[in-house]
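Shared between the two complexes below is chain A, which pairs with chain B and chain C, respectively.
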Partner chain A sequence: MPNAQSTKHNEPAKKRNYRPLVSTKALQKTMGRYYAITNYHRYWGKPLRRPLAWVTSGAPVELLRAFKIHSAYPEQYAAIYSARQATVSLCEVAETAGYSQDLCSYARSNIGGVLRPDLAPLGGMPKPDLLVACNNICGTVLKWYEVLARHFNVPLLVLDTPFLTGELTPQAKEYVLEQLNAMAVDLEKITGRKLNQQSLAEQMRRSAEITSLWKETRQYCQASPSPLNAPDLFIHMAPIVVLRGSQEGINYYRKLEAEVKERVKLGQGAVNNERIRLVWDNIAIWPQLFSFYKLFAEKGACFVTDTYSGGWAADHAPGTPMESLAATYTEVFLNRSPEYRANQLINLIRDYKANGFVMHSNRSCKPYSLVQEVIRRKVMRETGVPGLMIEADMADPRAYAEEPVRNRVQAFLETFDDLT
Partner chain B sequence: MTKIETHSAPNELLALLLEESTLKGAERFQRYPERKFFGYFCSYFPEELILAAGLDPLRLFPDSENSTPAELPAYSCSLARGTLDMEIREKWQDLVGIGFTHTCDTMQCLSGIWAASGHSKTIDIVPPVMLTAQGASRYYQSELTNLIQELATLTQQDITQQALQDALLLCAHTRNLVTELDTLRPNLPSPIVFAILRAGQLMPRAEYVKALEQCLPTLKEMAVTAHRRAKLLVTSAVLENDSLFTMIEDLGGRVVADDTCTGYRHYSGHTLTESGDPLSDIIKRYTGMPSCPCKNRSLNERISYLSELAKQREAQGAIIVIRKYCEPHAWDAVTLAETFRNHGIRTLTLELEGANVGGQERTRLQAFIESLSQAPELSKEG
Partner chain C sequence: MQTYFVGVDIGSLTVKVVLINNHLEIIGQMKTRAGYSGRDVANRLKEQLLIESGLKEQDVCATVATGYGRVTFPADREVSEITCQAKGIHHLFPTARTVIDIGGQDSKVIKLLSNGKVADFAMNDKCAAGTGRFLEVMASALEVEWQEIGEIVSSSKNPTQISSFCTVFAESEVISQVSAGTPKSDILAGVCDSVASRVASMTRKTGIEPDIVFTGGVAHNQGVVNALAKQLGYPLLVSREPVITAALGAALLAHEMNKV
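Up next is the complex of A and B:
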């Protein structure tokens, strides 16, 4: 599913009735370092015996970190490709190679970048030594990583987290746990290191810390006006995705949290004259990140929270590190029933005192989007607030029809005209 | 009229099978008023358990490929859209329940959408995706045990070990009969074979088995060896009618290997019956059968299996069908096409909205089949 990008958003933000965050500088620095170290991996990885893994956003990265594996996220790079307007040309490369235009655009643009790194921002991704996929976010990642495994001829480790139609069952938890133990054995072989339980526990501790920092930061947005708007959340989620379990990540989120807290103290909203409070559902529309959300901000509408970047704010499940990993990664919201997801949205609307919600029906991401209409109905029924559905794509701008989107957004916002 | 009399002439029974395959379950109440049907979608829903619960499995097919129920976005496959639309129009009202299996993302979503907006009782099973992963078979076993309980609750009747064993034997027998038919494939018109296989997913199972048993001798007689048809492998998700197979046949092709969800793949794999533990036999069959793109036994297993199958059946060409918006099949299509080509098998990838083929496909298929007929091996044969 996910990801955010980092760079260059300060400037356009200033022009847009929009309060820029000072922490953006720190974010750029933190992410800049991460990309630099990642892109130079081929020089330091071998001598330091630290393989590079390409991982899905829902992979149990704490376990990899315990093996000193460096992780890179194709979904994250794909979001950057999109923000840098490279998605179409990369997707076309993949489409020419036979990949249908209906496949997830993160996957297509990633494959395009693998086939033609010269067309990819940042020179594409550094080559992986192994691939780790977890199907807790979608079935697409399995097929996508199979393609990558054949292409690079490197090991593919898959964690199969059964879809939860209700609560996590003991048999599903046990199955995931057994696989994690088997994965640890595979990683011992691949890295030549033994699993150090202490180091894993330490990774889990840091990961829990970064998660609670992100969670607390988000909760400040329950204030009115909200100190953050959706584009802030999308941009500032980058470290929680790629630096989960790292001290750099923790340092960064401490800064962000302090700034957000201060904003609340001063009564400063992300959007000037916040009048309408909305909740966002689905991945950001990266290629239109500012122009789309501006349609809302200029009418005083702020996205005070969202389900997407909120996916990284879920508390760790209890138990030993391995048990906690098994449950936490299986219980992610995309791996759960529409009923669960509707309730999640209902709670967000209540907790954040939202006046409405907007769902991005995202052609690329079937597990996120196919169930949205039944969720929309249930949420409207139970909260009484209106929900708008917008069809687009998180990365491929060819699926974005500007005029109809603008009209729908305007009509939706007019329904709040009585809010002052 | 649908009851199979012991002396029905085999060609009448053949007509019955073909008729059932065309009706797609539409007249089930009139034809089999005493039977109780349980709907399902995917070949990974264990039909043994449906039968053991005293129900007949009915595979759900859409009655239109252009349905657009408001509950699903237009970019979902027409199988999901069409069947859900029928649910909303109360076309599945008589079913005792509907079973969903976790395979692709669409099916996973459809189950929840159905439960939220439909009228039927739904039941889910989430088999492992990584079929050989550590702990997969133990997990599978627990999922099946749960499913047995859910089915028993639905019918208010326990499912006994004996009922499971009987269902296992019935399924093994069905699969053996179908396998016999599958070996006649090169010598029988493709649409007929395809239709008979589909009928087995729509008719009461006992009736199907009887009809097929009695038809097989006739089908064997009908089989003619000498032909100059281009030999093809077809791989696809669900195909709810014979449109493609008919066009292939009309254009001088013959489907010698069928890897479609509703064709031979549904019946393939070894059914063990003798361990005395029916559940573990069932698991072994579903784990070991040629997999669909949504499942993984090992990285290249499905690809190698299909290229081996093409080789065994001496296929000269392969048609890879992608149902519009079907991700798993679209993913495999690329590697498959490349692998087939590396084995000297020409390939044609067809993207279809549903199961129907039209003018555009005819042109492409014709050119493709003609190119195969000019291939050296085939000219030698003639």
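Up next is the complex of A and C:
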């Protein structure tokens, strides 16, 4: 999800194996505007009484938007740091300060950027007025945000979403709903504004609209050849993360959807001569975004869909805005059982007519990665398609060993070639 | 008319070259240390092999390269070791369903279908434990030639426990065992058990299905063969020349390529 501009210098100058999207220009404009607004928050935030919150990617931002809070995402900035090759120096700052190398690289590079903003792309993140963490994506965010709360001496609001071993129970939903109501009271105190139910409902409506645009755009990739490849999905997911519930976001995804629809109509594939269709599981390998996926594209293998950027395409749960928030944010896939996640992959493989899948065992992201081997075996058994496991890290290039990765990818792709 | 095919395997420690004819018979084979330039060594080996077999370069219809140096070698095609290993082993042992390959710097497990196709594979990652390099480091710390390991281990009465997964830390464990006066045979038996346990858990990951073939340079080491067979609970099949099976697979692929 880094700004497309940021990855430009990584692109190979020679013949491309895949087709660039015209919408990338609009993406750069939309995201450029968001970063400018965010980075200059100190000039407009106070006069307009609009605090800046640092939030986790799974935080209920619709509620924050209803309070006119501007949100910035440490995880998203960390992905940009990585695509701009700054992660190692930022992680080293955090490691020198005593943070373990086993800690999530988003957390380490974010903390590194807080301690040494001069080393961080975009000058690091603007200072927050409050922090909002939801543990639906992982447990690390709790301690990470506590560190930030101590450092900046600002309020930290936590939303605790119980892990779902099966379906969401009424008790769990009630538990999250109560916390959301309490959060609204806290936000009223922090912002000095009353919760406007109508404004919240409007945020939810826009959020649902942007989600369905992203979902429909993704579904076009069921076509053969697929109009998009994984790097496209990873780059063009930026607005759904940071501009969920905004009109700019909706405008952008209307453009993208139109282009993708047109590609399908013309039979244009993202990858030249698509012959192998794959599903991706886990966060992107940001520091190798182009070189890694090129190993596949040059052999005619296209990642037609993925579980990661698909996390932002989940339908909103029914009910009042608060009930919908409670259920939607508790039911995110990372907060669910290995069975649920295996079925999710199985369905993607069937719906997108995939020939195989690739899992990124992501050193940083424990909840995403720890259960992958169990899921891999179940999916292979039930679908009959092969699944490859790659060991790497979403942001820290020190965990990426190029030769072993190339070796595995080649061996995996050879299994589709009938060599043996 | 007789035609010939060459398979070249440029590994991290050794280079292997195999020459076969169109009846898939092995005409000749050679191996030596890879040294600094695996490609040059491979070229030399290939030339030498052709001379010894009374053949010329133009008698060779196709060459396939595999191993870490495969990209640099001027072959008709480069193929990963996993595919080549599967090909070579299926040719030698048609009943093989699981292949365990322990080479110089990596260890891998390949699961085969009955037609020899690769169904799944697992490899070690970013760590030399459970590889030939690990055994070499330990053998050098104990001042024994790695070829002697099997024999020395056979006299072990009470194998030591080498608990560390890391080659460097395991080496210091070995050194402290030496200073504690533990017999060499017991320490080496512990080293073999450590490699076997690492590789056995990787094998369990892809699923153990007999027949199991053990190949790669470490399959020469009877200490590891016995330890691994014991841990997996199955006998292991080992070819007479376990080092060259991937190069043989490459030569077989060169032959197949030519058929098309």
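The definition used in the following text is that the second predicted complex is superposed on the first by the 403 of 420 C-alpha atoms of A that agree within 3 Å, B and C clash if a C-alpha of one lies under 4 Å from a C-alpha of the other, contacts with A are read in each partner's own complex, and residues count from 1 in each chain.
Methods note: a residue touches a chain if its C-beta (ideal position, glycine included) is under 8 Å from a C-beta of that chain, and two chains touch if they have at least 3 such contacts.
Note that the coordinates shown come from a computational prediction; the quantities given were computed from them, not determined experimentally.
In the superposition on chain A, contact of A:Glu373 is made with both chain B and chain C.
Judged by the touch definition given at the top, the superposed model places A:Leu119 against neither chain B nor chain C. Contacts of A:Pro386 after superposition: chain C is touched, whereas chain B is not reached. Within the superposed three-chain model, A:Asn407 lies in touch with chain C and out of touch with chain B [touch as defined at top].
Contact with neither chain B nor chain C is seen for A:Ala201 once the two complexes are overlaid on the shared chain. Contacts of A:Arg150 after superposition: chain B is touched, whereas chain C is not reached. Between chain B and chain C, more residues of chain A are touched by B. Counting contacts by the rule stated earlier, residues 373, 391 of chain A appear in both its interface with chain B and its interface with chain C. If you check the complex, the residues on chain C that touch chain A are 68, 79-83, 86-87, 90, 106, 115-123, 125-126, 205, 253, 256.
The touching residues of chain A, when paired with chain B in their complex, are 97-100, 102-104, 135, 138-140, 142-144, 146-147, 149-150, 156, 158, 160, 162-163, 165, 169, 171-172, 174-175, 177-179, 181-182, 337-339, 361, 363, 366-367, 369-374, 378, 391. Partner chain A is touched in their complex by these residues of chain B: 70-73, 75-76, 80, 102-106, 108-113, 115-117, 124, 126, 128-130, 133-136, 138-139, 142-143, 146, 293-294, 296, 299-300, 322, 324-325, 327-328, 330-335, 337-338, 349, 351.
Residue ranges on chain A touching chain C, taken from their complex, read 373, 380, 386, 389, 391, 399, 401, 403-404, 407-408, 410-411, 414-415, 418-420.
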